[in-house]
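Next, two complexes with chain A in common: one pairs it with chain B, the other with chain C.
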Partner chain A sequence: MGMFILRRTGVMLLTAICLTFIVFIMTNLYPNLEKLAKNEGNFRMSDAEVASFLGNRGYTQGKLQNYGEWLGVLPGYVIEGIDGKTRGRCSNHGAIVEDAGRYCGVLQGDWGFSSRFKEPVLKIVATRLALTGKLMFWVLVVMVPGALLIGVMAGMREGSRLDRSLSTGAIVTTATPEYVSGVIFIAIFTSSAVGLKWFKGSATSAMENATLENFLLPVLTIAIYGMGYIARMTRASMAEVMTAQYIRTARLKGVSFANIVLKHALRNALIAPFTVIMLQIPWLLNGVVIVEVLFNFKGFGWVLVQAASNNDIDLLLAVSVVGVVVVLLTQLISDIGYVFLNPRIRIS
Partner chain B sequence: MQNLTWTGTLGAYINPFFLTALCAFLIFVVAAAARGFSRADGPNPINPTPPSIALFGPTLIIGLVLWLLSLSGLSPFEILGLGNMWLSLAVCLLIGVTAGFGLFQISSELVFKLVWGTFYAALGLFLIYLVVGLFVLPETMGIVGAISKRLTPTWIALLVTFSVSIYFKRSLGLYGKLFDSPVGMIGLGLVLFWVFTALLGAGFDLIATHDPLGQVSGMKNKHPGIPLRGAEAGDYPYYLFGGDTLARDVFSRAIVGSGIVIVIAPAATVFAFMVGITLGLPAGYFGGRLDTVLSFLSNMVLAFPVILLFFLLVTPEIIESGLPKYLAVILFVFPVIFVGVAQYSKNRLKPNFLTLQFPIMMIIAIWLYLSLISEAGAVISILPPLLDLFDVPSEILVVFVSVVFVNSPTVFRIVRGLTLDVKTRDYVAAAQTRGERPWYIMLWEILPNVRGPLIVDFCLRIGYATILLGTLGFFGLGLESESPDWGTTINAGRKLLSVYLAPVLVPAFSLMSLVLGLNLLADGLREESLRD
Partner chain C sequence: MGGTIRMQMDVKAMKDPRTHDWTQISIFSAGWLEYLVEYNNDGSFTPMLLTSWEANADATQYVLKIREGVKWNNGDDFTAEDVARNIIGWCDKGLEGNSMAGRMASLVDEATGLAREGAVVAVDSSTVHLNLLQPDITIVPGMADYPAQIVHKSFTVETMVSNPIGTGFMLPENLEVGVKASIVRNEGFEWWGYAAGKGGYVDRIEFIDYGSDPATHMAGFEAEEFDLNWESTGEFVELFDSLGLVKTQVASGATIVVRPNQDHAPYDNKMVRQALAMAVDNNVINELGNASLGVAADNCHVGPMHPEHNPDVTRAPFDPVKAKALMDASGHGDFEHELRSLDTGFWKDTCDAVAAQLRDAGIKVKRTLMPGSTFWNDWTKFPYSATNWNHRPLGTQVLGLAYRSGEAWNEFAWSNAEFDSLLAEANSLANADERRVVMGKIQAIVIDEGVTCQPYWRSVQRHNVAGLVGVDMHIAYLPQIYKWGHAA
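And now, the complex of A and B:
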């Protein structure tokens, strides 16, 4: 087991390094850098000025070198520019500061500086991630019990009317992406055209003070899309368990149906959904981005969109690191959890 | 001229019946759900559920539904509000107990019969709107009738397809079996509806009432059914679903937008399947280092948050650098490889094949491939303009490439898993003993035998590709901002969503119905393919 975790962690690190390298290359393509230079300097720079601007700040050293500096395994550049000033990466791309270290990358805890928000990246990511964490928490609170309940009820009597109607409902929710259900919710519950106005169409105020009024719609929008998929998986697993021999034995012994479902079937039926739920979390990240943009909730997803549309290189790299770590971590947890939950599987 | 109402002058007589049937249906659905939640299929004589528990479900459901309705302040339920939320809750639950008790006096069969009866009544009345609308003026049957009339070509095509297919269904294989399952039929109906609408509406321009990009002054932000200002003799006199923020016709945009979605989503899925199959089969069959490398790559793409990938791939700066083009060069070569290898491995021993048929086929395939990727004046222009058969607009190519890129790793994983499962079967061993080459075994022994799950996944994946396309449009990536595709339209309309619903809800429901149709179709196919 220890070996397994170790190997998985190794693969995880390798994947994270490869992916951040790809993101690094893509954000550092020359057209992107040109845009960055014009944003930072002024918009009327000539091509030669752009080139010297970038050269002075170490952007033209070669991608591997730059990536190493960002990672913190190579010493940060110190360049005497064409304009005569000396700049260093570890001095915030500005004039050399005495106490700046030689290395300043992610490994040293320096995630860089956001050009869009004019703040340290680490601080932005931490605050925004906390906000999104709140959103995700409530999404999971709504989604997981709801999906499991629907799946178990549909799967306990396969082919019954209850099963058919719940399964159809689950298909409908999987066919409704967040940007569709979100706008439908906004149209019905918040617009002056329909006139119900039960909830608010913007979740900006939920960042400090989440109430039912401003937070229910974003949470529901994300939860509903994921719910259908988990419910269908739970239903399949429950239906399979209900045909097992030991359930038939229990029935023949005269155990009541409620007891069969709750005491005998449920525990075995919930192993597969656990994996599905863990693997669904990365997909929630998509929903989070859409919903945060739609409801103007300024969390992690909103930051992702801001960073990407402004080509904020440091922030974008940090965002992708977080995204990749979330994906890989949930995969790892689902694998390990599966082994613990399912006694039939033992990894040697 | 007056605004069109939803159902017109004739509809005013039918509306009361339709609304009654609809309300009755909703009430019986709640009743049936309440009954079904406690005892799904009748009482159990050996271990009867105690009445206290049996009544719990109906009480809760009916009570809470009533309570919510009373909170909403709709006119007939306002009385239940009683001025106090909690008092009202208690009263609602009390009514729930009584109603639940009453429900158990009726047999569950009767409740379900009532549900279906009212459902068919409502459906039948709705069909009257559609059918009568075909033959009368827009004023008589309102917006619903007028839209039904505009969609006449689609209805005819659907009717012909369905009657022919049902007549010949025994000789049509898996497709014919779809007509045995209601779910599959509904799904197929929805999908075909959009396919025909796209083909006849966007392809032949038989359905749309106006130019999807044309702006008419005075038609900005109008509600559905608005008469066209300054209409001339040949113009259609109404904007059926109103006008959007740029005074364009919402109905026509939705119809023409379906053309973009219906072409890109399935085509991107086909390419993703080609990539996934061409790489997944050898990875599963040979295993070893090839499998390790390919699996690592596919896991890597899958570990990328999709939206981040879109933002990285589809920004103008990246497009300028030509990266999507290079990606297209790599991804689009797989169909050529697939066709070439498949034909070679099957027919290589036939006379004349290697000298005549195979070279011709490959030349055509490679020519198509080169025409697809090369574009005069762009980063990659290999073919001289004279030989270049067609140019794909670059923004569509970018969207296409990113959807293919996101989907192919998942297909790869599915194909690899299926191959691992099937390669231990006897018929594979028999083929190996016969001395068949590996590629023949993969493409002509393994692949046909795993087609069932692949077809089902293909349907689901088209739906997913549709959702991804919408996501791209929603973030304003790729397609131009005035493109009528559904995602872009939703994005454009959401700023004024609280006042003008139609510009957003029309494309939203269109997208939802198409994806729902594909999901139901996949469900029907799965059910029918499992049956035999």
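And now, the complex of A and C:
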């Protein structure tokens, strides 16, 4: 078990390094750097101004050199610019600060400085991840029990009227993307055009103070989409288990239907949905982009969009590392969870 | 007095005021950084940190009088030295992205890219002299534009938010780029404006970022998460109206010209040009081509938003019968005009409406739609086409760019010696009242020559909840937050 986790961690590190290197190369292509310079300097900068801006801030050094500086295996640049000012990476690309170290990369715990938000990357990622965490938590609270309940109910008597109606419902919600259901929810429940105005169509205030009124719609929009998918998985798995020999044996022995479902079928039927639920978590992390933008909830998905559209190099790198960690961590949990759900599986 | 106002606005990162490229940046720093001169919706310029200014006869020398009794919020006195230092700073072409250098061009030494020796002189503690290279009446308007915020001598970009020294009545509280920002009253600071009766009513202003999609802004309005928005555009103007919000609207100098180019026959014929303008009812074009988001104009590219506009000179009256008669008399009665425009938006709608009116008058017109990628390559050269022009504070500015003989942007291919000399005269008169006399003659020439059909001025507008005062849309989006308040 220990070896297994260690190996997984190794894979995670390797993936993170490969991914960040790719992201690094992409964000350091010259057109992207030009965009960065114009965002930071001025939209009407001339080509010469862009070149001096980039040169003064170390962007035109070798790519490997810059990547090494970001990792913290090479010392950060200190450049005297053509405007006479000296800037350093370890002083947030600005005027030299006295107590700045020589190395300032990820290995030293410095994740860099966001050019878009003018704040340390670590702080932004922590704040925004916490907000998305809040959203995800409530989504999972609504989605997982709901989906399992629907799936089990549909799957325990395959082909019944209950199964047909629940399955149809599940297919409809899964086939409706968030940007459709979200807009429909906003139109029906929040606008004065319809006149209900039960909820708020903007979750901006939910960042500080989440209430049922301002937080229900974004949670519901994501939850409903994922719910149908997990419910379908659970139903298929449940339906298969219900045809197994041991269920028939239990039934012949006269065990009540409720007992068969709860004590005998459920545990086996949950193995497949468990993996799916775990896979949903990294999906949620990126899938929230649409809902966060639609409801103006500034979480991790929004940061991803902002970082990408402003070519915020340090922030994009950190975001991709978080992505790698979340994907591999949830997979690790799902692998370990298997062992407890299915005693026949061993991790060696 | 008191209270909080919340505004929907893009919250952008702070930078040196001279390099501000969005008015949204300046409105935040306007909490503590102020302007020498203020530009108003009626086209006038009023003094803020100055008390007055005066130009010599040909607008080559200016005397700026500094407001006395103004204090920086760290206790320092505000003096002529401060003003001179800021103006010299504006002239620094070497600063990446400094747009003030262009506005101060008549003070800049081309060789060094800095202010010329002796161009800006602090004569005594309350007087600054400006010595210009050539006549320039745009220099004071330039000082009223959004990047022209006055900073303290200890100013650095890095500390401008953490150590906010300024002359304004508020201080920054927090700035979270892309999320929200707030400024609060600087309690205990004796702002000069309180005594001068300028206002400074609210205790706190919050700016909340809702991205660029107006549908999200609408949801925010409905959720009562803010009190006013930054700007209402297009179909959302009507939607916000329907929510029962208060609309403030101002006709700006942004406009469109549907013009013939005189290098091409038959547009070298004055009667043809007059007929094209005469056959068009500008009110109808504003309604059909601009969704009534503007006011009808007078075909001379100078309007009520310009300080020197002469309202007595108006367009040749709308008269389709006389227009057809003029066209026939010119010998081009059967000529089929080809009106080109971009294939989208108000360009297309406006030209469609103009063409329909010409056809109603009995003049033959063919419409040609072009994508932006090909249209803008040749926009000055088409025989008959439509171009949009942005707002500029003085009436003489666009005339100088587009109507003067030989200018690169003279899409009318118009050349008129009398107009040129009158414009040169207007450009040496810094006083708007004196300039108005000359401007009346200029307007009359442009209209009589049938240089263009300029159907409407486009308005800018924003919405707010009931019960606010002073939050009106500004013609140039300038941050006059000291006027904001709650109705008593």
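Here, the second predicted complex is superposed on the first by the 336 of 348 C-alpha atoms of A that agree within 3 Å, B and C clash if a C-alpha of one lies under 4 Å from a C-alpha of the other, contacts with A are read in each partner's own complex, and residues count from 1 in each chain.
The rule is short, and it goes like this: contacts are C-beta pairs under 8 Å (C-beta built on N, C-alpha and C of every residue); 3 or more make two chains touch, one makes a residue touch a chain.
The structure displayed is predicted, hence computed values, not measured ones.
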item: Partner chain(s) touched by A:I171 [first = chain B, second = chain C, both, neither]; value: first
item: First, second, both or neither for A:I184, with chain B first and chain C second; value: first
item: Touching partner for A:G10 - first (chain B), second (chain C), both, neither; value: neither
item: Which of chain B and chain C A:G133 touches, first, second, both or neither; value: neither
item: Touching partner for A:G201 - first (chain B), second (chain C), both, neither; value: both
item: Which superposed partner A:G101 touches (first chain B, second chain C, both, neither); value: neither
item: Chain B versus chain C as contact partner of A:N214, first or second or both or neither; value: second
item: Partner chain in contact with A:V293 - chain B first, chain C second, else both or neither; value: both
item: Partner chain in contact with A:P145 - chain B first, chain C second, else both or neither; value: neither
item: Footprint overlap on chain A, where chain B in one structure and chain C in the other make contact; value: 186, 190-193, 201, 293-294
item: Chain A-touching residues of chain B, taken from the complex the two chains share; value: 32-33, 36-37, 40-41, 44, 46-47, 49, 72, 112, 183, 296, 299-300, 302-308, 311-313, 315, 317-318, 320-321, 323, 463, 467, 470-471, 474-475, 487, 490, 494, 497-501, 504-505, 508-509, 511-512, 515-516, 518-520, 523
item: Parts of chain A lying in touch with chain B, wherever the complex brings them together; value: 11, 14-15, 18-19, 23, 26-27, 29-32, 34-35, 153, 157, 160-162, 165, 168, 171-172, 174-177, 179-180, 183-184, 186-187, 190-194, 196, 198, 201, 254, 256-258, 282, 285-286, 289-290, 293-294, 301, 304-305, 308-309, 311, 316, 319-320, 323-324, 327-328
item: Complex interface listing, chain A residues touching chain C; value: 40-45, 49, 52-53, 83, 94-95, 116-119, 186, 190-193, 197, 200-202, 204-205, 207, 214, 293-296, 298, 302, 306
item: In the complex with chain A, residue positions of chain C that touch it; value: 13-14, 19, 21, 94, 96-99, 158, 176-179, 208-211, 213, 216, 218-220, 222-223, 225, 242-243
